[in-house]
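Attaching a single structure in structure tokens format; questions to follow.
Here the chain labels run A, B and C in written order, and each chain numbers its own residues starting at 1.
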Amino acid sequence: MIKFLLNGVIRDKSRSRLPIIVVSVGVMLTVFLHAYITGFMGDALEMNAKFNYGHVKIMTNAYAENIELNPIDLAIIDVEDFLEKLNARYPHIKWSQRIQFGGLVDAPDEYGETKAQGPAFGLGLDILSPNSQEIDRLNLANSLVRGSLPANSGEILISELFSRKLQVNPGDDVTLIGSSMNGSMVMYNFTIAGTLSFGVDIMDKGSIIVDIEDVKIALDMNDAVSEIIGFLPDGYYNHKNALSIQDDFNSKCNNINDEFAPVMLTLGDQGGMGAYIELSQYWSWYITFVFIIAMSLVLWNAGLLGALRRYGEVGIRLAMGETKGHVYTSMIVESVIIGIIGSVFGTFLGLFFAFILQEYGLNIEGMMEGASVMFPNTINARITTMDFYIGFIPGVISTVIGTMLAGIGIYKRQTARLFKELEA
Amino acid sequence: MKLAIKLAYRNLIGAGLRTWLNVIVLSFSFVVIIWMRGVMLGWDHQAKNDMISFEIGGGQYWHEQYDPLDPFSLNESNAKVPDEFSELIKSGDLEPILIVQGTIYPLGRMQSVMVKGINPNQTILKIPTSKLDTVVNAIPAVIGGMTAQSSKLSIGDYVTLRWRDINGTFDAAELVIVDVFYSNVPSAEAGQIYIDIEKLREMMIMPESATIFTFRNSEADWIEVEGWRQKSFKELTKQVDNMIKTKTAGQSVFYFILLLLAMLGIFDTQVLSIFRRQKEIGTYVALGYTRKQVVGLFTVEGTMNSILAAIVGAIYGIPFLAWQANHGFTLPIDASQFGMAMSQTLFPVYSIGLIFTTILIVMITTAVVSYIPSRKIAKMNPTEALRGKLQ
Amino acid sequence: MKAQIVFINVFFISLLSFCQVNADYILKRVDENMYSENRIVESSMTIHGRRSSRTITSLSYSVGDSKTYTEYLSPAKEKGTKMLKLDNQLWIYNPSTDRIIQISGHMLRQSVMGSDLSYEDMMEDRKLTDIYDSEVVGEELINDRKAYVLLLKANVSDIAYDSRKIWIDSERFVPLKEELFAKSGQLLKQTTFSDIKKIDGRWFPTTILYKDMLKQGEGTEFKMLEIKFNQNIPEHIFSKAALRQ
């Protein structure tokens, strides 16, 4: 019977087209919305992860204790070796070296003497190695105000406001005065490649972004790095996965009695992100729940409408002697088929649009004052495994319930009235 | 027109469950959109209210050198209280705050802080300054929850504060933490210590000096005072506005999808109505209705869904929204355990404009969606339609 | 009875004035040991970090208290860095950047090469006797040496440390220990002097340990490897141009 009905659904366009379209659109919206909400809620979290916290972050015990001071003297040493081990143990995680440091940036006049000077917050990250993802991660290309991204070692990015304060332009040289890993005062010359907008006052005021290898040379951090941040394989934070990696790492590598032993923190452990993670999970859940209920009602209605559309057909079939029960069952099986076909289509379409939004993002530039590092001007969707099945709940179940309710009418039909309807 | 509305109403009610399903979904859109916009508005209010209560009052005057982001300039960014302010200060409608740089040594670790001198009897800000009058063997100090967490200090703890007075002479004293407050305002808490302004002036040898002044009322009369910059409420809350703007932009996509979903139901219903009621359409035309009028009739019928939805939405929505506004939307998490700067309970706020625009947008969208399939009527052959023949 | 009180008062006053003279006298004797027209010092500074200790050696030329020129000799990273102090101005030259940076404002409050000394601590070039009132408050044994304890109280306002306590060897007139206090009386920094040697007929401490008392840590150790007094130092060394050479 299923094969017969399937043929019917496929061949009789009038019977299948509109219901399938409605189910598909409904399912598509559900899938898309879920992916969107997940992405939207996760954006702030990912932003924090990308900029500072990572999905997991490794540092020394002593560093973790004084983390707000960025004490580079408490950095992890023998990094190359350590990274190799990390990559071997957690091959699916993308590790990234970071150094946050403070210092003074000094702009020279024509005689090489101080023209202007200001305190700076520095962020060292891998800009120059060819397969580094850090530039994309921090939206650096889009946040450029003037100049270009660093292409050679010794080139840095500086916040636009800071560059104006120091009266320097891309191409100019500035000197960083900071303290080295062992506390000596160091000076290092950099060339400004470009200026950036961060979108947050405190960062715009005085920030520089420097290639990690340059920072290591400048601050005398030979084979040392203060933080190693890791990103989970699909690029999105998953608290459970992060926790299990943290447990594994800390049980193997950490030793609370050694202040320089490495320790791992998850995104949730840092800067109140834990509360935000829970918050966003609940929000996504609420929103999805409301939406699925609404979606179910719409598809239920669509099931009702679909059955009504075929009032005439049902009449003929009853007139020809089909039992009411048989007609009813066949309609329900049909609705299951339509529900499945619609849901498959819808899920596919929903995933397709969600994927586009995940890759390219929704541009909200019109509402923002230009792109910046901390406020990306796009909102991105995020596809999770749930998106592959969530559409089937309203898509199949509601369609079938709608048909079931509408089909009850068949039992109320009177044969005498049927013929009258057939005349029309 | 009256007849059209009456007819439309009968038709809709007659369709029974189908109509009600559409209406319920549409009413969802109403309630959810109003609620979510209300939460955003409530958040905006909460954030600004907290800023008013703990940081900015009704607006501020800043010393022209003052830059909260540049701790090194702090010790130069204060001056004697100008005479123009003395009346307001006396009446308690303006409070001077002196801000200087200091270093605390919790557990032998060095930590830079902003030391804020504030009048213990002030009533403009909700910072528990009255505790600064506590008589103890050290200087009483109040800190925010964020500082308490980062420096691992709690009520009753002692900590050494080192500072340099106006001459650059080192001085140090023990502070005792007499209270910790939670404000949801990071800029009023992070890296800051509050002590009695008179004590701080004495410590710094900066008699009668201040760095900023905070007004009680936002409608305070601004006067130009040399050496001081006016910071209006709007300017001080710009960051909140920016954040709310981003969130609202993100949410509008959700509204759009929710509406789209409701419209899917309406559209489907309209298509079926026109398909099933050809005889009726033919009859209308035969009775002398112009096609336009018939299209209008069907459009009104579709649009009426949204009116019914508004009524149904009001039936369950008003109690729900009112309950939310009174009891707040409590986040199902314990934010305090993270010492986090956000309110645990958000109280949605609904403005008339918000409700009105939401209803208008839903109705117009419904009307458009009802109209689109109805256009088909205009192309119908009335005789065929009258016979009920499928076209 | 009344006479007795008067007598006691007179006795105290005379004792007090005796001490006053004494304190100035002691400081003058110290100056004779410590102060010279000019000097050339090769020294090492050992900074105890949380992780490791490191030593920086330098050669400095100074004339009186107002001019100092220092060149760092090792380690390699520090080699060639030069520092020039003229009155109350300070410049640092760094060979790898070929830049001369003036250290001013809040930068002066930063520590020198990660030590427990700030640039400002090094910059103070007013004589102690000019800015502090001193008195002898007692005698104590420091490392088996008899020492006068002097309390110095600031008599000017623009000064970093409101009071100091100095222990001075009562025979050799060299400082053995110094404590720097905040206005409130809180101890901020402590300096101890040791390895006192006789150089060119004067007693001189060749090891000095600085310690910031509010911070955890072992402090900074300063050792004079070689010291020469009253040499012929060419004037051009104290110019910014000399930094680049």
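One rule holds in what follows: a residue touches a chain if its C-beta (ideal position, glycine included) is under 8 Å from a C-beta of that chain, and two chains touch if they have at least 3 such contacts.
No experiment lies behind these values; they were computed from the predicted model shown.
Enquirer: Starting from the defined contact criterion, work out which chains touch chain A and chain C both, please.
Expert: Per touch definition, common to chain A and chain C: B.
Enquirer: If you tally the C-beta contacts for A-B and for B-C, which one comes out higher?
Expert: Between B-C and A-B, contacts are more numerous in A-B.
Enquirer: Using mean CA coordinates as chain centres, what's the gap between chain B and chain C in Å?
Expert: 58
Enquirer: Could you please state the distance in Å, as a whole number, between where the Cα atoms of chain A are centred and where those of chain B are centred?
Expert: So the centre of chain A lies 25 Å away from the centre of chain B.
Enquirer: Two or more other chains touching the same residue: where does that happen in chain B?
Expert: 72, 109-110
Enquirer: Considering only the defined contacts, which chain A positions touch chain B in the complex?
Expert: Where chain A meets chain B, its residues are 18, 22, 25-26, 29, 32-33, 36-37, 40, 43, 66, 68-69, 119, 201-202, 205, 272, 274-276, 278-279, 282, 287, 290-291, 293-295, 297-298, 300-302, 304-305, 308-309, 311, 362, 364, 367-369, 375, 379, 405, 424.
Enquirer: Name, in rising order, each residue of chain C that touches chain A in their complex.
Expert: 47, 49-52, 54, 56, 77-78, 92, 94, 96-102, 107, 110-115
Enquirer: Looking at the complex, which residues from chain A come into contact with chain C?
Expert: Contact set of chain A toward chain C: 62, 73-74, 104, 106, 108, 112-114, 175, 177, 179-180, 182-189, 220, 259-260.
Enquirer: What residues of chain C sit close enough to touch chain B in their complex?
Expert: Those residues of chain C that touch chain B are 105-106, 154, 157-162, 180, 182-184, 186, 188, 214-216.
Enquirer: Could you list, by residue number, the parts of chain B that touch chain C in their complex?
Expert: Where chain B meets chain C, its residues are 72, 103, 105, 108-110, 160, 162, 164-165, 167-173.
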